[in-house]
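Naming follows writing order (A, B, C and D), and every chain is counted from residue 1.
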Amino acid sequence: MNPKVLIAKRAAKELNDGNVVNLGIGLPTMVANYIESGQDITFQSENGIMGLGPAPEKGNEDLRLTNAGGQPVTANPGAMYFDSATSFGIIRGGHVDVTILGALQVSQSGDIANWKIPGKMVPGMGGAMDLVSGAKRVIVAMLHTQKGNPKIMKKCSLPLTAAGKVTDIITEMGVFKITNKGMVLEEIAPDTTIDDIKKATDAEFLVPDDIKTIDIK
Amino acid sequence: MNPKVLIAKRAAKELNDGNVVNLGIGLPTMVANYIESGQDITFQSENGIMGLGPAPEKGNEDLRLTNAGGQPVTANPGAMYFDSATSFGIIRGGHVDVTILGALQVSQSGDIANWKIPGKMVPGMGGAMDLVSGAKRVIVAMLHTQKGNPKIMKKCSLPLTAAGKVTDIITEMGVFKITNKGMVLEEIAPDTTIDDIKKATDAEFLVPDDIKTIDIK
Amino acid sequence: MSKSKIITAEIAADLIREGDTLMIGGFLSCGAPHRLIDELCNKKVENLTVICNDSGFAEDIGNIKAGIGKLIVNKQISHLISTHIGTNKETGKQMNTGEAKVTLVPQGTLAEQIRAAGFGLGGILTPTGLKTEVEKDKQKIVVDRKTYLLEKPMRGDVALIKGAIVDRKGNICYSKTERNFNPLMAMACDRVIVEAAKIVEVGEIDPDNVVTSHIFVDYIVDGGKL
Amino acid sequence: MSKSKIITAEIAADLIREGDTLMIGGFLSCGAPHRLIDELCNKKVENLTVICNDSGFAEDIGNIKAGIGKLIVNKQISHLISTHIGTNKETGKQMNTGEAKVTLVPQGTLAEQIRAAGFGLGGILTPTGLKTEVEKDKQKIVVDRKTYLLEKPMRGDVALIKGAIVDRKGNICYSKTERNFNPLMAMACDRVIVEAAKIVEVGEIDPDNVVTSHIFVDYIVDGGKL
């Protein structure tokens, strides 16, 4: 399976009926494609919509209706549009159950860095700092390494987006939970060993006896 | 002329084309009846409307449309409804040009007391504290005395609604402006003497040489 | 699929427990959830803290409903947090005898405090109330040489609000000056019950005109025309 | 009677002076006042401080208009206050060479700062940005044992916004995700110019559906369909 598809499919399993969910740009956006049919998930996009629907058919794009990445989208029945203050009131106020987003680095204590590489790339934080501060659960969905370098760190070396806010990390190698006792490897991908993960990870993590294998069709 | 009508008519002359105006309950509400025909005044009411119209005809009342006093009103063409945070954003943000309201006491330095008589009557401040803090001009329109006791004071003895915010006082005896140099009696009612006003006023006030007579039809 | 949010006023009132902090929408009688209030009176749930604009009227006057005034007359409210109590003398009486505690808050401040809770803000800075009794025990903060009062967020356990048009999912449109505190309260409480003048199917409301999203609404009560 | 607010885009651009602080609505291309931006480019007004969500694109891409990106490419902006500049590489370049100053602000914070200015608040307390570079030089305030950053109000001289339906008085309805920062900016600037996709007569918009009141709007420019 394509590693990004594996990550998106596994992340989709974290969503529960009734959840309000905000998906970041890129890989996280793919998660919407894999939610269980019949599940009642409401997608929020910080540019001002509750009830984001699938991409429009070619030719049916409406320039007045986009997601936070600027891509044309649709609105589901029962949707609502709002201004940016309301949008971030929803986010900061804890009314988003889950946000799934990418990262440049995550630390074992739940710090996240995804807005700046000093001297190299400064895209800006956009809505990420508010999302990471405000959402009830913050799931990082990303490839485990960047050009072979670990992205899951003891401590982030890049400027933080927020400290101690990440609750879960999902990569093509495994699923981690950030707990009071430390970062725990809860699931491991098929054909991957704990040793593989240790080599690809700067952070320290606990491995429970009952560790599971990621179960994705 | 009925003194309340005189006050309302004189207060109406303070309103200029294009003004956004909030009128308090009671006497100030009467001001709307005396604005010049053709003048473009927009009335805001803090319970959530911009563009308050005249009272509805008997039988045409709509329970869903009232002013801040709970009385049935109408909405003019081009009106807008909003929630209470927006309503007071408009008020606190300085977007109301003039508020005209009553008072229990006003001081010569522009303090106003109109929400509480300790041990006797505590109606509450409602929206008055925000209005008095936020409006660009605060005109007190009231009878000059209460049961013979002065209401325009050196210093208010009642709990304040706000300090130093009143810009004008209009009573049946005269029109005062609060300036940096002190309170100035700018106009005097017909058949009233400066001595009459002094006797009915606790505050000190300046009388300019070019004092005018209130000019109301 | 999500299950229906529509319940009866009676069941809605059962969701409210002694000691709860309620936010109740409305400005005097306008935009208050009258059926829910009536049912709450029937159930006699006591020791309530109620956050609302005003204390309404002591009783219905013709077709003008009393609003939360009835809960006061019924002595179900132990603490009222409100901006104005002048239209219901019973409130002042209970305040003077100590039967009920009354906290008076400027209207614009109350609106922002409720909004701050719903919006995840730690507070807001306002000039309103400076140099008055309102500033007592409050932190003053100077920003660019101007002084403001720090007003803290205000949360509730349950919001009882009134909607004009509500779809089955819970999206709300308000009518005219009924809007007032209702949309703010919907975001600031753990559970939200909306009394709907009219219930419509999902998709019937233009998404540009929805004022409160369904994600805030837990239960819908059919209020019908009053 | 009040005089007409309707002016041409050309006259509108003449109202903007060198050194002005502008707020410009839009989220990437969506909901930005493209005609006003184009006219501002033609006029070459320079040394602008621009407050906006993002720095748009470097150029129009098919029917996706560049938004404020063109003003950056044109080097008319000396200070950009924004949340995201990743879609327009020219911004980063000018930041690195020092040609333009760029201040990055979290999106929710920017929205509240603009709102605070319009709403007369001295600031708001937010948890966003704590323990990051954003907290630098900012006051931290503890409320009920939680720490927040004090974020100050942000004002502008002129707001350039986009409305979908605007009546001749200036009441505005927005369409879909075009709303974003537009209604907030309308309240936070001394002068407000709205680019209207459609202009209608006063009274045609249901007062329940107006989002920005005419009292905030000084000028209306007929934007037409883009």
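Methods note: contacts are C-beta pairs under 8 Å (C-beta built on N, C-alpha and C of every residue); 3 or more make two chains touch, one makes a residue touch a chain.
A quick note: this is a predicted structure, and the numbers were derived from the prediction, not measured.
Counting steps between touching chains, the shortest path from subunit B to subunit D takes 1. Per-chain CA centroids place subunit A at a distance of 29 Å from subunit D.
Each chain gets one centre point, the mean of its Cα atoms, and the points for subunit A and subunit B are 55 Å apart.
Computed from the mean C-alpha positions, the centre of subunit A lies at a distance of 35 Å from the centre of subunit C. Shown for subunit A are the residues that touch two or more other chains, namely 49, 75, 81-82, 85, 88-89, 91-92, 134.
Contact of a single residue of subunit C with at least two other chains is seen at positions 112, 115, 119-121, 126-127, 174-176, 207-208.
The list of touching chain pairs reads A-C, A-D, B-C, B-D, C-D. Residue ranges on subunit D touching subunit B, taken from their complex, read 1-2, 115, 117-121, 167, 169, 171, 187, 202-203, 207-208, 210, 213-216. By the touch criterion given at the top, residues 112, 116, 119-127, 139, 141, 143-144, 146, 148, 150, 152, 173-176, 207-209 of subunit D touch subunit C in their complex. In the complex of the two chains, the subunit B residues touching subunit D come out as 17-18, 20, 38, 40, 42, 49-51, 75, 77-82, 85, 88-95, 133-134. On the subunit D side of its complex with subunit A, the touching residues are 27-31, 53-54, 63-64, 82-87, 92, 95, 102, 104, 106-112, 114-115, 126-134, 164, 174-184, 211, 226.
Of all residues in subunit A, those touching subunit D in their complex are 45-49, 62-66, 68, 70, 75, 81-85, 87-89, 91-92, 116, 121-130, 133-134, 159-163.
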